[in-house]
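Presented below is the structure to which this report refers.
Note that the chains take the letters A, B, C, D, E and F in the order they are written out, and that residue 1 is the start of every chain.
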Amino acid sequence: MTMGFLNIEFLVASAVGLLTAAGIYLILRRRTFPVILGLSLLTYGVNIFLFATGRLMVDAPPVLNKYAEVPYTDPLPQALVLTAIVISFGMTAVVVMIALAAYLSARDDKIDMPHHPEDEGEDA
Amino acid sequence: MSLFLIAALPFLGAVFPALLIRAGRNASASAAGLTSFLAFVGLLLHAPAVFRGEVIQVGIDWLPALGLNANFFLDGLGFLFAAMILGIGLLVILYARFYLSREDPMGNFYTYLLLFQGAMVGIVLSDNILLLLVFWELTSLSSFLLIGYWKHLPEGRQGARMALAITGSGGLAMIGGMMILGNIVGSYDLSVILQNKDLIQASPLYLPALILILLGCFTKSAQFPFHFWLPHAMAAPTPVSAYLHSATMVKAGIFLMARLWPVLSGTPEWFYIVATTGLVTMLLGAVIALFKDDLKALLAFSTVSHLGLITMLLGFGTKIAAVTAVFHIINHATFKAALFMSAGIVDHEAHTRDIKRLGGLRHLMPVTATIAIVAALSMAGIPPFNGFLSKEMMLEETVHTLWAGSHYLVPGLALLAALFSAAYSFRFIGHVFLGQTRDDYPAKPHDPGFGMWAGPALLVSLVVLIGLFPAHLVGPLVAVAAGAVTGGADLPYYSLKLWHGLTPALYMSGVAVIGGLVLLKLHAPLIAAWNRAPRPEAKQIFDSAMRALTKLSQIITDGLHNGAITRYAFLMMVFIIGISYFAYSTGTMVPATREVQGVGPITVIAWFCLMVATLAVVAKHRQRQLSLVLIGVVGLVVSLGFNYLSAPDLALTQLSVEVVTMVLLLLALNFMPKDSPVEAPMWVRLRDGGIAVVGGLGAALLIYALMLRDFALPSISEFHLANSYKGGGGTNVVNVILVDFRGYDTFGEIIVLGIAALVIYALTEAVLGSRVRAYLLNRKPDMPQAGDAHPMMMVVATRVMMPLALMVAAYIFFRGHNLPGGGFIAGLIAAIALLMQYMASGFSWASERQRMFYHGTIGSGVLIAAATGLGSWFSGNPFLTSAFGYLHWPPLEEFEWATAALFDLGVFLAVVGAVLLALESLARFAWQPGISSEHAMDINPARDDAAEAAAAEGEA
Amino acid sequence: MFFEYMIAGFLVVSGTFGFVGSFGLLKLNDPMSRLHAPTKATTLGVGGVLLASMLHGVVIEGHLSLHELMITLFLFLTAPVTALFIAKVHLHRHETPSSLPKAGEDGIWATHDVDEHEAEADSGSN
Amino acid sequence: MRLLQRLVPHPILTLLLTIAWVLLTSTWTLNSLVFGVLLGIMIPFLTQPYWPQQMQLKKPLKIAEYILIVLYDIVVANVIVAYIVVFKPNAKRKPGWIAVPLDLLTPEAITVLAGTITMTPGTVSADLSAEGHALLVHCLDAEDPEAVRDEIKQRYERRLMEIFE
Amino acid sequence: MNHFLIAPVVLPALVAPFIIMVVRYHLDLTRIFSLASTVMLVAISLVLATQAASGEVQVYELGNWSAPFGIVLVLDRLSAMMVLLTSVLALVVNLYVIGSGWDKRGANFHALFQFQLMGIIGAFLTGDAFNLFVFFEVLLIASYGLMIHSGGTRRFQAGVQYVVYNLLGSTLFLFALGTLYAVTGTLNMADLAVRVAEIPPEDTALLRVGAVMLLLVFAIKAAVIPLHFWLPASYANAPLPVAALFAIMTKVGAYAILRMYTLVFGPDLAITEGLAGAWLMPAALVTLMLGAIGILGSYRIGRLVAFGAITSMGTLLTAIALFSPEGVAAALYYTLHSTLAAAFLFLVADLVSERQGIEITAQRLMPQSGLIAVLFFTGAIALAGMPPLSGFLGKLLVLDAARDHDLVWWTWGVILVGSLVTILGMARAGSLLFWKSHSITAETDPTAPQPYEEEANEQEEETEDTSTAALPFVACFALLSGLILLTIFAGPASHYAEATAAQLFQPEIYIKAVLGKVTP
Amino acid sequence: MIITYATLFAFTCFALAILMNLWKIISAAEIADRILALDSMFINALALMVLYGIALGSEIYFEASLIIAMLGFVSTVAYARFILRGNIIE
């Protein structure tokens, strides 16, 4: 039973698109927390993107079957995505902590740094 | 002495004055003097050869790629200038020793002066225009230091910056001009360039090159309209003014025009630009000089005027005019340096340079007065002094010069300039040294010591002697120098003598002198009129221009970099999307080569959840905790998707990362506001939404297009599939890629994790070491808190769950190589197992029982991974080469070992350490007195009842 | 054949309970009651699936795999904890000591038993 | 004996873990078993600080009986709950709280009881009293709260008392 | 098997955990190990540079898997040069940091420092595109830690922006790599080059998108306008010695552009034609100009030097954007120069800000004003590209290389005008900082010197150990000597750069070394 | 064959359950309900994964369910603790 007008490629591509769009939108918000949320969504988006570059296959995990000739999906993008997930986890942890430190220090979680051109001392 | 050494000596010597100043002012001055003297002697040693008409050349390659060679040559022109630079330099060094006061850092002064001297000598000896540029810019820089020498005076600082701005920009223009010139000729060597007049003048780039080079010359030599910096540079100590602004630096522009005269002059462009500029400058400088009350300002504008004169002569383009120019260069250097030094003496002794406050000094300082009067007369063009001779020759030349068809324009204006020149010279004499002695000087003036007037005296004796015996004293010098300028030995006839007969020039001189006297008589009404007349004040214009430029820069800089990363990111998105679209639209695409694959309704439902949850995150992002819940949905569906699309490893990883990330975000959110306010106006949100939609659409279309096409060539992963078991010893190809084929990536990846933990730890230390700590310690929860921080059921469940989870971690770890799993996922599970304990019983209770030292765990993880990698060196293989094999210990069955497992252990440890260190750091933020509990759970009837019973027993 | 029907039966039952659990979440009208539906029905639903999976492994694919039991174990261990916490959230936000039955000799339920020093700190700060 | 107690602080846990290993791997080899036992010993040893008290089981064999009863209850009562959820209108349902006084003292026992209450349909353990002497239970549809409380005490707590205390 | 190739990556990767685990609480030991590691890195990179100077391209097959299936390290002249530059810079900065005591103002400095070096060097050596991403992340995350070292409100706030901006860059990197992989089926750079050349000309759009996204990623790192916005605030708010080390980070971006766009998407490749050329040159010129304007418009010293770094990146990228051997040679020489010069000026800026705060205003005369003034002046000359230091030569090389380019007039004009504005800005700052202070006496000065650290300095600095007090100046003079050597030996240096450029424009050498076969 | 239909039935049930969970997560007035719905969603997803394994006759996808069963409650407890105490590790 398949849904005639839909296909996996479309679902995945649209998911990538929506996650990316939502990520971009949230990254452009003015508080650190939504920006971090945006980064998370964007990370999902790009991870799926990267994953899909190996083309999509159902029921073909790249675990070698010693007994039968079966198709395998492309393992390389999976390994890359794994690396990317781990790295972005580390990055998320760091950005969360820095954002928290900035908030605690400034007691303000605006992500834009207000610019205070200090009065400048007359020109020499 | 080698030309290298002559050019290098001042630079080498520049080190000493600043160092020797501790040994006293004399030592410092002597070092400077000795350096100059040695260089001067070295130069003079070449005199015979130069006067024989030889050209001395030395050179080594410096930057051959560019054609920038350290080539020097010495001909008549170079000799003349080098002699002036070093000779007058010596006198200035002597003069400055007595001029500078005790408070002035003399060592620095001489150091700067020698740097400047070296740069000047370098200019005049360079045989490579790029090398010349190096020295040229160096003069700008060293003069910046010299003009700003009196750091406490705002005039000095401003004058220095103005000089730097003007001469610096001219110098940069000249770089352009020189590059063009070099490109036309194909060489940057002067001696080559000078041979290619026709090539240069025929080039379409001749005019740009000419203009750019002349910009450099004019700015340096203070030609109109760049003349205004020179008077402001007079804020410098007088020795500097005498040296830089009369004798040397300002003549660098003149020098260069003379140097390039053979190849640049002779065209109408040259004539009209150079001669006209010179003429205007000459006149304008002379007029302004008359109305300056500051002695040094008067001399400064006089210098401007005389430089204009020389420029004009060079602009005429005739050989005889060139000879005259050379001659006037010598004369001007002598009388003007003497005048500056005299002015300095007056300033030094009377403590003022204001002509209105001076007068009658001839009685008080007769020696100085004599020197100054003779020099001023020469400047006025009075016979028998040398100024007369060259001015006469100049006037003679103007008579023969036709400007745009007019016979009278040039001589008329030149005469007018001569007239004003005579007038200000007379004013210098009359209003300072003649007239009544006054008693209102700021200080009682008297002649200074010999050391101070010796220099000017020597110069003024030259003024007289050259005037009387020009042909003998400077004839040969003029000849060789002019020969070098005109680029050949065949100079036209000229004679250097006082009396040429009743020439038009003589009449013009007479008119000038008489007119000058008349002007001086009329000075009072004239200056009143002058002061009333509106005129642009160059300094104000320059200052406001600089202020405006600075302000504009600040506006641009601060306006663009206003700290709003929301805007930075927006611009970035727009740019990335725009450029990517450009790249796409300029390429071509073939139709899809792959079929799409159908889906069932379950998949569509999962997709629908993902889409709705994502949209909901955006819609509800202001409610922060809710958005985290929604992200949980996204993460769950993504994991489901990975599983569905044959990526079980990814599903496992995504699920476990999700948990840790969520805990992390919640821990952080505890301290932060729980909601985001609406801040951006609607149009901004629409704009952001617009770019987000475009970006998302781009990503979607891109991946859709990619998925519908095959690899152009078979993917390298076919090799991985084929060799995973054979070569990597594992059937889970993803894991074999991670720990073997691309183990180096994984090595980097665990280091990223380790670094993340280190950063977080360091950050926590920094925050807790700051005033934030007090805030944290006294922080009140911003939401009402419920009781029972460590519920019993959670604690008990954890006691079973944690060991089980660790068991699962072990299971996942060991199967990773052959089935989905591996060190990373196992590490996350183990970390979450410990995290459960933290959540159940609290940070304090759990960490007291913590046997793991997280820093060490991370470190050992990285070390184990690295050591596993290094281990392969012993078998002669590259870093990270894996090995595996089988062991058989009866009665156990045979089992497999693999170094990959050891590497994976490193991964495991790094992950556990990193996650826990990060969480621990956050928990430390939350620590408050009283938060710690001595018990794993808050409520425990077994414990409490027993204690009560004991207490009751005790009471009983 | 019998086992196939049995597997199918487990699957149908489990699907039904899974559905009912989540349906209850929508249908039931008070928060505490909603907590019942998913915690139980879902557990049973999943339990059925797991049983089916185990049977399927043994009968259809011919190898005994028991790790479904691990999942069941975990669910039984964690579900009460989850329920407890969600219930506590409800107590914390919507119930007061007076809206609940008396807590026996202890007087108060743990969720409402805010630590003394915290209360002190609260009053101290105001 | 001391040493053994230190090495194997929670023998039941060790057993549980070993079983878990076998269940996980589903491989029936000596290697696997040996490895599972090793891990079953190692993990409790490492995590012992988090479970400091020794857990005493008076009648371990009663556990099986208890489990069977509970499983039976779950299955049977699930149907009832499903019926209530699907067919009984909200208005006719009588949800309510009951407080169950506890005779159990040990945390493990109380936790098992609370878990049992939650897993058996119709009831959810919602909270413990401040000192741990009563359990707050929510009933989905309790016509007779007293009966529910008695059943909890009779059917579950009594058995748990036997096992644990 | 030449293990020297992996040594500069593994050494810091071993030293860092060692420091964390073993000597974490012993400052002296930490310093000794960190310093020893950087000294050894210099030695190793000298060996590597010598080996690379022969012109042979060396390949190290990690895990003994041959390219393109495994990851390889590749040593050619370019990577050797960059590694050497990094090591030298690291040694100097390390000396400075130890001397100034910056390393004890926060935790884990030396470990992060070593990891940072590992990341940078790894990025220079790798021959694999995805591994480049990994090492970018290593160097970035270490840089996050170094950037916020010792804390402070503005530093944290700037840190958030720095991290967020770079995370966007990393995301784009993955999009680009994914696209390239999906089209070509490989990740190895040499293999990419081979495969890209085989892409049919009628199917270029997707590859072009991937290629240009990759370029944009590197342009972010290289701070090309309008992707440069991350730089000013983060460099200015970082500890300035850290900013000095960061002088090499922008070069990583430039390096990657150079590598990818000579090896894989070479200037003669029809498929990717016009991708870089169309916008990189104008963008680089605007970057240059904007940096210069920023120098004139800065009122804080860190920001001033940060814009100095931007303007030097503008110059460097202008040279790269010529995509000619001459241009690349000029760019390489200028890379050496501008890295040392920017680092030098950052260190001097730290000397200043440690004494009188970060504002560029006249304040009471700072201690050692004279010496620092000299250093600032020379640094300013160097960064502005004024004679006699190497910057001028570099700039001349760039001008000369640009002479046949379409935009030659724009190039020359912007470079020269940019220099002027830079000079004006530097002169303004120097005059305010060092000259005007002379007119302020201690009595009339209402503003006492403000220490830069807002709160981290609550515990007063203990008096510096005299044995290390001179180290900051030693470090400054070391960089200055570097610049002077680069000036004096401009001939040999530019010769190396030329040979390097020539090697880059013969990618078949690289490809043959990596894949053992030549491009079809 | 019957297993296939039964599986499909179960699939549908759990998928619909997930949809209902989603609806609750989005629309609930009370955060506790949302957490509860998410927890249910985790369990239902777990069931889906097991069903997927049954449908494909493969055990490879099984560990994901194990992880959900083991770790899913950590998120749920964390969300709840956040509301109860603010600090989820104290």
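Everything that follows uses one rule, which is that a contact is a pair of C-beta atoms (placed from the backbone, for glycine too) under 8 Å apart; a residue touches a chain by one contact, two chains touch by 3 or more.
If you're wondering where the values come from, they're calculated on a predicted model, not measured in any experiment.
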Number of hops, chain C to chain D, where each hop joins two touching chains: 1
Joint neighbours of chain E and chain D, given as chain labels: B
A-E or A-F - the one linked by more C-beta pairs in contact: A-E
Remotest chain, chain A as reference, centres from CA atoms: D
Computed distance of Cα centres, chain F from chain D, in Å: 22
Whole-Å gap separating chain A and chain C, where each centre is the average of the chain's CA atoms: 32
Separation of mean Cα positions, chain F and chain C [Å, integer]: 12
Averaged-CA centre spacing for the pair chain F and chain B, given as whole angstrom: 59
Interface hub residues of chain D, defined as touching at least two other chains: 20, 24-25, 111, 114-115, 125, 127-128, 130-133
For chain A, residues that touch 2 or more chains besides their own: 1, 27, 32, 47, 49, 52-54, 59, 61, 63, 76, 83, 87, 90-91, 94, 98-99, 101, 105, 111, 113, 117, 123-124
Chain C: positions in contact with at least two other chains: 16, 21, 23, 35, 43, 65, 67, 70, 73-74, 77-81, 84-85, 88, 90-92, 110-111, 113
Interchain contacts, given as pairs of chains that touch: A-B, A-E, A-F, B-C, B-D, B-E, B-F, C-D, C-F
Footprint of chain A on chain E - complex, ascending: 130, 134, 137, 141, 144-145, 148, 151-154, 156-161, 163-164, 167-168, 170-171, 174-175, 177-179, 181-182, 187, 233, 299, 359, 361-362, 428, 431-432, 435-436, 455
List of chain C residues in touch with chain D within their complex: 16-17, 20-21, 23-24, 27-30, 32-33, 35-37, 39-41, 43-44, 63-67, 69-70, 73, 76-77, 79-80, 83-84, 87-88, 90-91, 100-111, 113
Contacting residues of chain B [partner chain C, same complex]: 778, 780, 784-789, 791, 793-794, 797, 800-801, 804, 808, 930, 938-939
Chain F to chain C touching residues, read off their complex: 2-3, 5-7, 9-14, 16-18, 20-21, 23-24, 30-33, 35-37, 39-40, 43-44, 46-47, 50-51, 53-54, 57, 59, 62, 65-66, 69-70, 72-73, 76-77, 80-81, 83-84
Complex interface listing, chain A residues touching chain F: 1, 59, 61, 63
